[in-house]
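Below is one structure, written out as structure tokens, with a few remarks after it.
Which chain is which? They are A, B, C, D, E, F, G, H, I, J, K and L, in the order written, and residues in each are numbered from 1.
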């Protein structure tokens, strides 16, 4: 197991609800085409403002998944 | 539209409720004097601890707004 | 008061609920053995993914506390 | 002269022409309201893509200017 | 629209002409296989020197594009 | 008190005497127009050299102050 | 040759033997599906500990390869 | 001697007098409970402002000490 | 299991043999007093030179271990 | 060829024309005394402002050259 | 004047007296062999501890000087 | 001894054998012209890939040496 190789991809998820929802949206979307995702790491948190209020959060994350042999 | 110039200001919002509430407090306060805010970027997340519990969150963010001609 | 010395320790808290819960778990656990905690600073946000969903959040934070004389 | 105090502001300029034009747009816009600008430092270079081509460059810079006594 | 998920890829473009040409070469090449590119961010600027002159510029950039549902 | 919002400004102070004097010059100059300053953070220490000696120190700092309601 | 465009992917290789073996495992696994790899850059070195000993090394690296026309 | 293992701890010292005094306060306080301290590295310089003047400096430093066998 | 809290400590190991040996020396020394170590992350690689040759490697690493309830 | 050793020097070039001209000025000046320069990497882009306009660009770069045996 | 090229060298000065003395020692030593030094930038502040007290400060700085034509 | 001044140079060593060999090649080459080298710090680890395998490692390091009076 210790010789596994992982690939990391970088995604930006967004949500009007908050930071966790933006992360979960990104992971859910990636799960449509990527199997064996193992971990994520947040690399940036941004957002859009409209009419003086936060309109939605945008969280960028790296996601690591196992490359099968 | 592509020649717009934006100014960035840096704010720290705080809230006992959580990270999103701290961000939204900062944006709401800035909206009293700044128009045309477009985006924000979180540059730091800190907080105060009292009696062994998180008393409030402090989130520092850069906010960009359009400079009108 | 201005001559106080603080020590910083680094902790990783985790929670399936979200980022604030992971922070609060870490602070609550530290409170069992550390007195006089004053502030924290988030230094990383990661998490584990299982079956295409976020299984839990892992937040690393530095916690500062006063060293008593 | 060595006791001067400078203030730094952060701006994002944009231009379809290139990086220098985006910087110069930001400086020209700031010159409308800020006197005594002395230097700038680029802190980020980004841009927008439309139809598979760079639509415009966005350069973020810090600008330092002398605070008059 | 606020629930879009973006993927980021990292590219290095090169050109003997300059930094913008290196960026535009990278974007043009990516446009052959990636649709819906939205923005880029420069993460590094390097180059090769031959016979005491800059032979070509190499610019590394992250490109974000919308993942379709 | 935990819902306060702070604004951060960035200043460069200079002094031939040393680093603390450069910081204190910047804070004193800012105090002419900014009320309720609470903390500072040093983000860079530079200086000018003339005739092989340090002519003056230049310290860049972020200063946080409370935005009144 | 100076107009080549490169793509960078990020991988984590692991090995109980050491850092070079972890790098070489990642490159060897990538070679199964990626042609024209040219260079790598290490972006992080971590590892797992079991029973008070290093169980395996995990090295994260960016790998650049030429995009063919 | 080359197989020594060192532990690093992180401290914040403070002093109204200046940066060196804040460092020396932190080291003096640590010396009450830690033996064999060898070096320090400054990781941040901050301070508090009261009534428009620097009230005290806060310097964060890592301190390395030899772990005895 | 997802509510575990980890503590991170920072160590510098050294060895004339190489980087892995320096890491393993640090982990072995820590194992004398710390149980339940789970992972490490290298934060710096340095070394001493004597008579024009590398005398020993010094690797700084953070080590995470589970805090028992 | 794989055992070559390179030395890196750091230079700041300046030019009123733009970023590439500043880089090329630095490389041309270095070529007067350094042979076998191979690559450069930009580490900072700054500039001077006079009368509300960019007076010249200042680009800092590391230049690597082969040390001959 | 705007086409000047500068070279940067990196030095570590040390002094038992404090940070400014360590900087000034480094600049004074460099002045023995380098002419036309213009500015410095501090890149690190460290020190040695002996018998529970700061024995001397070590400050690393980059120094820029004009390359004559 | 505490008033010594050190100069830092930056080198890239390479070797097909591994990271330590690349470091030692750089130090050995520098020893031909530089005396009194004291320490090094690794600032980057890269490498070249040929035919899907690591062809050689390239390690960039800063080397500090005492400037004699």
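Miscellaneous remarks
By definition in this document, a contact is a pair of C-beta atoms (placed from the backbone, for glycine too) under 8 Å apart; a residue touches a chain by one contact, two chains touch by 3 or more.
Because the structure is predicted, anything quoted here is derived from the model rather than measured.
The fewest steps needed to get from subunit E to subunit H, moving only between touching chains, is 3. Repeating the B-C interface with over half of its contact pairs identical by residue number, the matching pair from A-G, C-I or F-K is F-K. Ranking all chains by how far their C-alpha centres lie from the centre of subunit H, first place goes to E.
For the pair subunit D and subunit G, the CA-based superposition corresponds to a rotation of 120 degrees in steps of 5. Taking each chain's centre as the mean of its C-alpha atoms, the one that lies farthest from the centre of subunit A is K.
Centre to centre, using the average C-alpha position, subunit I and subunit K are separated by 31 Å.
A separation of 21 Å divides the Cα centre of subunit A from that of subunit E.
Between the Cα centres of subunit B and subunit J there is a gap of 38 Å. Taken residue by residue, subunit G touches two or more other chains at 9-10, 19, 30, 48, whereas all remaining positions touch fewer.
Chain pairs that touch, as defined above: A-B, A-C, A-E, A-G, B-C, B-D, B-F, C-H, C-I, D-E, D-F, D-J, E-G, E-J, F-H, F-K, G-I, G-L, H-I, H-K, I-L, J-K, J-L, K-L. By the touch criterion stated above, subunit K contacts subunit J in their complex at residues 2-10, 62, 64, 67. For subunit F in complex with subunit K, the residues that touch the partner chain are 18-19, 44-49, 52-54, 57.
The touching residues of subunit E, counted against subunit D in their complex, run 19-20, 23-24, 27-28, 30-31, 37-42, 63.
Of all residues in subunit F, those touching subunit D in their complex are 9-16, 25-26, 29-30, 48, 55-56, 60.
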